[in-house]
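A, B, C and D label the chains in the order they appear, each numbered from 1.
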Amino acid sequence: MQYKILPVEKIEKIRTNYIQITIKDEDFASQCNPGNFFQIKADITSQCRRLFKPISVYNIEEDSISFLIKVIGGGTRALAALKTGDKLKIYGPLGNAFPLRQDSKILMVSGGTGYPPLAFLKKRLDSSNNILFLHGGASKDDVFPCDCSYTIDGSFGNKGIVTKDIADLLKKESFDCIYSCGPVNMLKTLAQIVAPIPHYVSMEAYMACGVGVCYGCVIPTNEGYLRVCYDGPIFEAEKILWKEL
Amino acid sequence: MERIMSELSTSLGKINLQSPILNASGTFGTEYFNFFQQGILGAYVTKTITLKPKIGNPPPRLYETEAGLLNAIGLQNPGLKSFLNNDLFDLREYLKIPLIVSFSGATQEEFIRMLEGLELHCGIYGYEINISCPNVENEGIAFGTNPDIVFNLVEKLARLTDRELIVKLSPNVTDIALIAQAAEAGGATSISLINTLYGMAINWETGKSRLSIPVCGYSGIGIKPVALALTYQTARAVKIPVIAMGGIHSWQDALEFFYAGASAIAIGTANFSNPLTIPEVYQGLLNFLTQRNLNLKDIIGKVN
Amino acid sequence: MERIMSELSTSLGKINLQSPILNASGTFGTEYFNFFQQGILGAYVTKTITLKPKIGNPPPRLYETEAGLLNAIGLQNPGLKSFLNNDLFDLREYLKIPLIVSFSGATQEEFIRMLEGLELHCGIYGYEINISCPNVENEGIAFGTNPDIVFNLVEKLARLTDRELIVKLSPNVTDIALIAQAAEAGGATSISLINTLYGMAINWETGKSRLSIPVCGYSGIGIKPVALALTYQTARAVKIPVIAMGGIHSWQDALEFFYAGASAIAIGTANFSNPLTIPEVYQGLLNFLTQRNLNLKDIIGKVN
Amino acid sequence: MQYKILPVEKIEKIRTNYIQITIKDEDFASQCNPGNFFQIKADITSQCRRLFKPISVYNIEEDSISFLIKVIGGGTRALAALKTGDKLKIYGPLGNAFPLRQDSKILMVSGGTGYPPLAFLKKRLDSSNNILFLHGGASKDDVFPCDCSYTIDGSFGNKGIVTKDIADLLKKESFDCIYSCGPVNMLKTLAQIVAPIPHYVSMEAYMACGVGVCYGCVIPTNEGYLRVCYDGPIFEAEKILWKEL
């Protein structure tokens, strides 16, 4: 884990309210595994006393790391305002990683900003696996490349929530492993549907330190409150006390 | 380098520090030494531990307000036994700077048992007695608001140790100087302040408290003027050294606290918004003092 | 308009207000009615007056910190006699909204004499008893920190008037709910809070206090989380209405305080950074409630 | 007195760290007298909860009002960052005005940012007067058109403080009235030198409300603490308790 101030290599607007930021750094690029995240923020005065924001690794190509970010509040808005060459502050990589399966039939399910870590995971899973990737969002602006898309408003792909067909799917096909990331209610529903198949979820939480020292980002588990930034963000779904979430 | 070190050196009651900058309890870990060298820190203060493990409060535990941070951690920690068998071991191995153990108890007896337990272990330079955490019901803050209780507690603890005995005070009291004087009379060798202020935030769209417990702890920029006022009041009321904290983000902020009477300062919330705060404050203070040909001790308490 | 009015109407102990927005004492004057209509304000609260004229503290009296404002005004005012003979006359003439007179005394007798004097004049709807100003030595804050003294004082005053009797509390106490309960038991018809927190700032270049008195009053954005926590604690502890203030700058801020239990809110420091704060908060609340088809009373105290 | 949000008509950088901002508003332009000031601030988010800054009227031409502003801290920096067409928030005019003399021999003395109100005053004093205008600053960047310039570093005009030759001057010439504005130490010195000639000073103070309600901007006078924004900014020098300043 390191702290750096790096220039933005590239920043693109994706649809109405996502941005993709790319930075270049050999150390960082070589250290990242799927599920890892960074704490980042725009290096501008109005942000100087604000918290960093946790953002998952979305893609790595050689020395370049990309992040896919939904603009929702002050921190992400400041990131969206950056231009090529502007600086961002960044430290990481942080958190644990998805266990990488082999020779497995895998179901990946993401919702909204849960997409980036799974997209990265998919790239890193080797070809011995057989993967089905479902992704859902509120509308067509929240949909990204995958095997099957869902939108709540029906503006793209299947209409409805991403979990709606999974129970049926599991009756027809069997999977060795599930990976998921997304809004907590989606994950909760999914966990119920897919149990007892091994299921790894990437959790989100409001963070301060991102390195495990403040105990601010916990979720309830059968081992007590565990830190998303340090003990996670990847958890076995069966460990999580979904009812308390 | 010799000269440099001496410019920033300071003393608590029983120990000397090479740097006047500490970390605020609960906001720091050795992970940060990935970002800068240990020696920048005068001493390492642990997160508060309790006798028994504490599960802490449910999430959400954090919310960033317009001018600071609300937290409702609730002293989650693995308890004394686990601390002694795991963390203390690692820290002693790893640290080249003095280790200060922060702890809290639900009763006077608990405080005493913890101190007795800790006294049996070497490698500890001092204690920070946390009688001021606003996020727990029994622990902490109840003790911190009554001068008689503080005096009694500190007196008992002081008899049991020769190590630095820091008492950490709550700002949520009518007269912090009185509490500080009680701690001093009881035998505290230094005072630290401030712990978090009471704070709260509500989601206006839903009417829900932003955190799992409504009234929680407020830290960061917004509390700096309060922390400075209470540092000033306390430093004038006691003779023992004061370790000041509350919203310090820059070396200029730190200077204000030294002028107000602090012998050392601690960085808390600023670690989150800028993980390099501690080395930046260190370097800034060093430059300031060098340029003016001063030692830190020349400005402590010299507000006019 | 009828419907609109009722959505935002609220009650103190004895008077109804067409708008739940008041001005915070000492931060407002009729000059602001150049910027918006009186009717936006539920009532007009005067700057605190004292029996004798007060010269106040020497300059500098103001300093803007990173997240708020420090002031050391020290209750400068021309005294009761001048108030009765000049200001009251003008205000009564000019105001179409209820007038609330804020006053403070150095002794219980002074408070009583002032109330008696004011009772002889019509056109006053209520009093705000300021027992909480941190900038004066004898006046104010000493009274505000002891529940017994507060009870005694308020009881005497309550016997002398049938008007709204608001007691304004200091945040610089260990348990504000206790003080509020004492005021309620004494006969206060509503509580207002918070007055300024203790605050301080030092010029790091010179070591000089930024203001003429080192420990002064801190208001504005940075105190909002504290004010909200204390409003919540107080509103749950008493049955009389609470008028909340402290860092309110927007209608969203105001909503937080209503959810926390305030029956009315007051705007202080925000008047300075945006002289249109009051009408903007009014309009924002109105839109919010209209869109949700709610009355203000539906959300007061409904934090969950 | 009114509150408005107005576009910047024109903004110019003057030397290294002054700016001149011009706005257009008929009401305001017709209401201003020399000595009056406005409370202004840049209408940008980072300023939204900051105080307004008191700035004197520098020049009025038809409907246009100009301000000459030295950039020293956050508020003035934000103003300096404005571009033509950007908005500023403004209320005023505020404070009292210089009494306008006629048929008089007048000495005007300003230091630093004390220049603008005197420059405006000079324009409004009619031609029956005979005026000598001295202005001083730290260096050549702080000097503006007048009859006689002083700089501390000697980089322009006479070397030294603006008050240094006044005692001698008064021995040679007699004046009916003095107008002054500038740093408090300059005013204090001047007040001593020129007494008992009628002397009107424009005072500065840190302000919050600017309209007389907060009592934050007071100076000590023989009538107690008076508000610079409301009772001033123009005071008779003999009223001020200079020793306490």
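In this section, a contact is a pair of C-beta atoms (placed from the backbone, for glycine too) under 8 Å apart; a residue touches a chain by one contact, two chains touch by 3 or more.
Here's who's who by UniProt: A, D = Dihydroorotate dehydrogenase electron transfer subunit; B, C = Dihydroorotate dehydrogenase.
Quantities reported herein were computed from a predicted structural model and do not represent experimental measurements.
Centroid distances built from C-alpha atoms place D farthest away from chain B.
Averaging C-alpha coordinates per chain places the centre of chain A 47 Å away from that of chain C.
The centroid of the Cα atoms in chain A and the matching centroid in chain B are 35 Å apart. Here the spacing of chain B and chain C, counted between their Cα centres, is 34 Å.
Residue positions 66, 221 of chain C each touch two or more of the other chains. For chain D, residues that reach two or more other chains under the stated contact definition are 49.
The touch graph of the protein chains shown is a ring with every node of degree two.
Chains touching one another form the pairs A-B, A-D, B-C, C-D. Interface residues of chain A facing chain D in the complex, by the touch rule stated above, are 45-46. The residues of chain A lying in touch with chain B in their complex are 1-3, 48-52, 89, 91, 205-209, 211-220, 224-225, 244. Against chain C, in their complex, chain B makes its touches with residues 65-68, 70, 145, 172-175, 197-202, 204, 207-209, 214-216, 218, 221-226, 228-230, 232-233, 252-253, 255-256, 259-260, 299, 302-304. Across the complex, chain C meets chain D through its residues 26-29, 31-32, 34-35, 47, 55-56, 58-64, 69, 71, 73, 76, 220-221, 249, 269-276.
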